[in-house]
């Protein structure tokens, strides 16, 4: 036996529509294909509703978004909300500019994410708590559980806060996760691809809390597995082996990282 | 001896202008460089004619195109037609939205591709035949030869239809190809990069039918070779080894995959 | 002991704001993270000043720039000049179109780069000397030292000219570098990532000449190291191992490539 959640993704191969940043498009698409889902990436405002119409999930990531991209995201998000398919929102570097802040506020008024995923600095910004950031990366090590719960309370939306300890908050329940590897911080888009993997896991039938937990746990375990391989000598060789590991069974990864 | 077509590409190192989707730019450029050609990617409408002026071939791929990109593609395509250099058109996910359909119709009125390359669902859309698609990927296994020939008849344009069995239709001749590996469907941009490789092969002197056949055959063989290597353990590690294999001799790949 | 320059980068982990071409974003970000810096990539004109406000260095690369991107570059560059943080300018394929030429002229009137980095054809264009180019790549082997010095004189700006022999010109001093490997010409973005690495090296305290020399020397050595590894069989497998090597100590690379 593997995992109900991951087995269900591989059975269904959900089509995930991405409106995401340019830096991670290739990595996100390859990661999702390896994991067992189907990526599609399109941002022309005139077509996003039709794409969402056939998609099983929607991922919105603002990493390199320009003004027009927010319009496409909002239009896609409203359609996804209408259809009742899951929407994951990744507020990459939201604190970095007034432009991002204003557009994220607007976006969160117009659409209802199923999950908000971000690092401590991003979640802190959304929760209106002071936190240190460096560019799009969070620094510091405060009370991340309190932080994630505050964001949940404010938006009444499940939160995945990533870091050395990941925090998952759903209605009435908070859990943490410790799988992962420091090289995830030495490659670009590790958080973004996790957003993609989570979106695919919440696009199948099941319990949201269970799906989030399984996605985050599996992702970290795949990183641990890849990092310990003999041929992996740094963040560069880590990447292809990590993508491989996303295609493996959870049971295998558990055994292999014991 | 290797292959007349591939040797000619490596001798000439044709400059291929890409107006292509953002997901596959890096993969396409690295694949072409490894194979022996020279990529250039530019989409500002004001400069595409000058780029085409010095290019040996033009690839147009609509995967993530927004409205402005179609204007640049049409302008580049008209210039390429004027100069008599080959134009490969890749109608990625054309059936996915009315926006794509309308813009592709317009594009095909204004420019004459040398080759149209697509998967079954894309070619079916162009040929006005019903077919199933999932996002940008084709599903199902109908009569692909009939499909490709129908598209050829409709556009009076050579067609490469990719899939488990690739179909190549040129004036008065249809051939099929069976090289390839299932991992090409588990990485993003395998079809897009094939478009790049084909464009480089039709940018040298020779018989079009021969060039298309050789490009598709070689590409699949490179995938077979990479997939069987000891260090390749999944789609992630397949990618760099596949790019390596694109730089090898056809004779070597034939021997090694016997 | 490693290198004062590289140690300082790894100590500080400078945040480098990139407005760069779409082909190399992922490669540049991963290369910088491996080396020890922090990348951020944002091009919305409304936010670039705020991003520059917290950045330690700015890289401007025109490879796939459309008209709007030049506006963002100029605004970011003026802000970087105001703050006194280093600006590296990479005029990718500047000779390829009148559009690039006009916009680069405008950009160089409005902002003062700390360093201009380019291949022979690009530097020749800026220095108003005839040179052959193929797309965005330089061909030919003229007097590159004279060329780089001419560009320095014209713009009163330090120049890094890359090629088989790299030339580094600062006020009153010219040095050359011969580390490197031919596979750097068979992968996309090798010059672009070098621009990123240099930007991080000039974002720490120290002597500019020393920083440029060390960055270029180290980069080439990392390529030599990666190319000779047993598992590297072509440009595809070279890439991840090269990214790995960017995280290593200079002393180790020197020993290992002896």
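By letter and in written order, the chains are A, B and C; residue numbering begins at 1 in each of them.
The rule we apply is simple: contacts are C-beta pairs under 8 Å (C-beta built on N, C-alpha and C of every residue); 3 or more make two chains touch, one makes a residue touch a chain.
Predicted model, so just to flag it, every value in this text is computed and none were measured.
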| item | value |
| --- | --- |
| Topology of the chain contact graph, where touching chains are joined (line, ring, star, complete, other) | complete |
| For subunit A placed onto subunit B, the superposition rotation in degrees, Cα atoms, nearest 5 | 120 |
| Copies subunit C and subunit B - interface residue numbers shared by over half, same or different | different |
| Cα-centroid distance, subunit B relative to subunit C, in whole angstrom | 32 |
| Residues within subunit C bordering two or more other chains | 22, 25-26, 231, 239-240 |
| Complex interface listing, subunit B residues touching subunit C | 13, 15, 22, 25-26, 29-30, 33-34, 38-44, 46-47, 50-51, 54-55, 231, 239-248 |
| List of subunit B residues in touch with subunit A within their complex | 21-24, 26-27, 63-67, 93, 96-100, 134-137, 185-189, 231, 233-237, 239-240 |
